[in-house]
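Each chain gets a letter, A, B and C, in the order it is written, and its residues are counted from 1.
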Amino acid sequence: MAQRNTDSLGYKFQLFMKNKLALVGLLILVLISILVFFGPSLSSYDAFSVDFSVKLRAPSSTHLFGTDNYGRDLMSRIFSGARYTLLAAVVSVVIGLTFGAPLGLISGYFGRKVDLIIMRIVDILLAFPPLILAMAIVSGLGPSLVNAAVAIGISYIPIFARMARSRAIHVKRMDYVESAIALGSSRVRIILTDVLPNSMTPLIVQATVYTGYGILWVASLSFIGLGAKLPIPEWGLMIAEGRKYIISGEWWLTVFPGLFIMLGVTGFTLIGDGIREVTNPKLRLK
Amino acid sequence: MKEVLLEIRNLQTHFKTDEGEARAVNGVDLKVPKGETLGLVGESGCGKSVTALSIMRLVPEPPGRIIGGEIIFDGQDILKLREAEMRRMRGNTLSMIFQEPMTAMNPVYRIGSQMAEVIQLHQKVSKKEAMDRALDMLHKVGIPDPKQRLREYPHQISGGMRQRVLIAMALSSHPKMVIADEPTTALDVTIQAQILDLMNQLKEEMGTSNLLITHDLGVIFEMAQWVAVMYAGKIVEYAAVSDLFSQPLHPYTTGLMNSIPQIDQPVPKDKMLRSIPGMVPSLFDLLEGCTFQDRCNHVFDRCRREEPGLADLGSGHMVRCWLHG
Amino acid sequence: MMILGPAHASPENIATMRELMGLDHSIPVQFIHYMGQLLKGDLGYSYHAGSPVSQELLRRFPATFELTTFAFVLMVLCSLPLGVVSGYYRNKTPDNVISVFTVMGLSMPTFWFGLLLIYIFFYKLGLAPPPMGRLSPDVAFPPRVTGLLLVDTLLNGDLKAFLSAFHQLILPGVTLAFFNLAIIVRTLKADLIETLEEDYIRTARAMGIGVKKVLLRHAFRNALLPTVTMIGAIYGSLLGGAVLTEVVFSWPGVGMYAVQSIRYLDYAGLQGFIIFYVIIFALITLLVDISYRWIDPRVQLD
């Protein structure tokens, strides 16, 4: 029998496509990407135009998601707001990855004193839940959506550093890396050619999943007033605005933005799980 | 041959994987006589351990599944028993010892409590009697200061000692049969000999039958009266140990023997240690004909067309090969 | 006063205020002063609340502690059985149902979930009290002993107040527990599945111990180890999540205080909250280390 190459990208892609949940995740991601790029033009209303004559209308055929307290169409606002929430989440992961991963690789690969110092700092930072750390950072930088993204990014640095470090330590103990060291390859070269490529998959999985969580944290910071500012239709901020109306029964102001947050987080989580399953042979046996 | 305690007929155990159905055990037949030891020998991955787990009905399911065959133990077909009946049998009349003593005991319970749990499961005794019985057993397997050991946790004793504890646990309810899956592979050479001696001595004392799984023909020679050679999910040769060593018939068996170094004889220049050429065939879609055809020096037409059966050549010597069919 | 805006403040007022707040010194001097005071347990003065920060935090902490502990107990009580069921019935219906809930729990914003609960249980069904604080307005606060209302009302022998306090606690407790519940169930399930593949589980099965007993006696305790380490982090995360929950339910705890401090640009309050948080977190980590020793005999505390 022809031995199938289970390590080839094509084969992994096939497996990924066979994983129904991962496909759902992919579908959600495509949908969200469409919102991010074309959001404002997808709805017939303007996200910012105020019309008090139609304020607080329940969902109907003219306003599918209803209107808010300024008479703005909620669906337009959610569609237009996708880019703020999503981009902030992506920026936070990019920051976490670009600073955290090299730090972790260096720490794990060099070990000893370097490792000790970097990891002590990482441990201290990890003791804070991202929200608390982000609160501290935003309070220093001043509240804005960009600063929220930066703060979440900073709180991600130790998380990615941890992951990269454990990979680096794992790869360093591999026979082929030990032989490369014995043959006198330079450390920088080994990190770039052996350690980094072998750490990519878990880092990608983590980046995907944490983009999802990033949506949650961005929305959370906006909700407590540390993120986006009015009148930006950022989803968490929309929930904060809708909050006053929930006890009088105008649920749609809160429910719809929340559903989209959930959708976004679920999408990224499912894709992350999918990649993890495809790339980890241990999880593959059914 | 003496009375048979365990007889396996055409056992098939398959595993579902992403690559397809792996036929780990693909029609195994063997017999273990009462009070004797059968050695089951073969390369890693040939299905020895899966055979053992099938007898215990502990094949992880999914992905594994016993597809067919019969396992007659002490007069009844184990595969037809209900799980509750099977459970009463495990550790009681039918027991098993595993390869890795370091990880085979639960790290969070004391040795005494783990042993007593098993004893109380199969014997109607109080906790205190169970502890006394455990103490007896530890004494029997030659553990120094057994009273102290009962109060210790597994990580506090050495691998050899742990294997002794596991043997004591497996024998605590006087089983009729013990399956030992590579019981000494993970241990130091000197400890290996001690554990094997112990197993032999206990077998004599308690009259148990053993199924000893190993990849080491030397161990078989020391321990077993009967031997079954397994290859790619099937038994290819079955014989009394003396017959097999004096007259190996299957090319695979000969190959295995040629790959053992003989310490007492210098290796002649033209007769170096020989490995068996080629690779074990895939377990997914097996070839037509004999499973060993691609690695065999004596292969001829028929081997590629038809699969040989296990032919009995008299005095219990059986072989699956067209050379002797 | 400054918060009311410079338009209302005369230059003299501002100068007096600056002096009072220590802002007339350079930043390094202010920092050294702050650190010095910190060593004495003084976290500064909170201008929006009009009281010393440490006093305010201590006054409010019982409310947060009561909420997080209630959520914690709720979470542990639900997550352990759910995790075990999920691991045992892996990939079968019970596991799939639980998985749907855990995925939802992990992808829902805490505050949104809280608001949904308010809508359903307060507005629609009328089962829950209005989401305003720790006691119904028509019930008198008991004399403060521990600051925990569930305890103080009982000490006071006031059953009505106790029930009211409990009633007020349910929705915020569930809200706070849900996200972390999902995390624990997932971890426990994964650890359980991994543990079930250990050699000693096979040994136990080979000795005739039944599947259920193996699961509960042999696998569960070992699978609990990673979960217990996580529980410390989870309590930390509950304290963090409490910030959002307290805002949603107008719960007068330290998290609410931190958010108010941010709104009023009152940094002493926020810094105090964070330092306070670190101290609590260190204590929890210590407790977890100790309980680890009890579950896993291989761990030796030096």
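Keep this in mind: contacts are C-beta pairs under 8 Å (C-beta built on N, C-alpha and C of every residue); 3 or more make two chains touch, one makes a residue touch a chain.
Please read these numbers as outputs of a predicted model, since none were measured by experiment.
K.L.:
Comparing centres built from CA atoms, which chain ends up most distant from chain A?
P.N.:
Of all the other chains, the one whose centre lies farthest from chain A is B.
K.L.:
Quick check: more C-beta contact pairs in B-C or A-C?
P.N.:
If we tally the C-beta pairs in contact for B-C and A-C, the bigger total goes to A-C.
K.L.:
Counting only Cα atoms for the centres, state how far chain B is from chain C in Å.
P.N.:
Each chain reduced to its C-alpha mean, chain B and chain C end up 54 Å apart.
K.L.:
Taking each chain's centre as its mean C-alpha position, how far apart are chain A and chain C in Å?
P.N.:
Centre separation, chain A to chain C: 23 Å.
K.L.:
Can you list the residues on chain B that touch chain C in the complex?
P.N.:
Going through chain B, the ones touching chain C are 56, 58, 60, 87-92, 95-96, 98, 100, 103-108, 117-118, 121-122, 153, 155, 166, 169-170.
K.L.:
What residues on chain C touch chain A, complex-wise?
P.N.:
Where chain C meets chain A, its residues are 103-104, 106-112, 115-116, 118-119, 122-123, 130-131, 236-237, 239-241, 243-244, 247-248, 258-259, 262-263, 267, 270, 274, 277-278, 281, 285.
K.L.:
Of all residues in chain C, which touch chain B in the complex?
P.N.:
Interface residues on the chain C side: 197-200, 202-210, 217-218, 221-222, 295-298.
K.L.:
Which of the residues in chain A end up touching chain C in this complex?
P.N.:
127-132, 135-136, 138-139, 143, 212, 216, 219-220, 223-226, 236, 239, 242-243, 246-249, 251, 254-255, 257-258, 261-262, 265-266, 269
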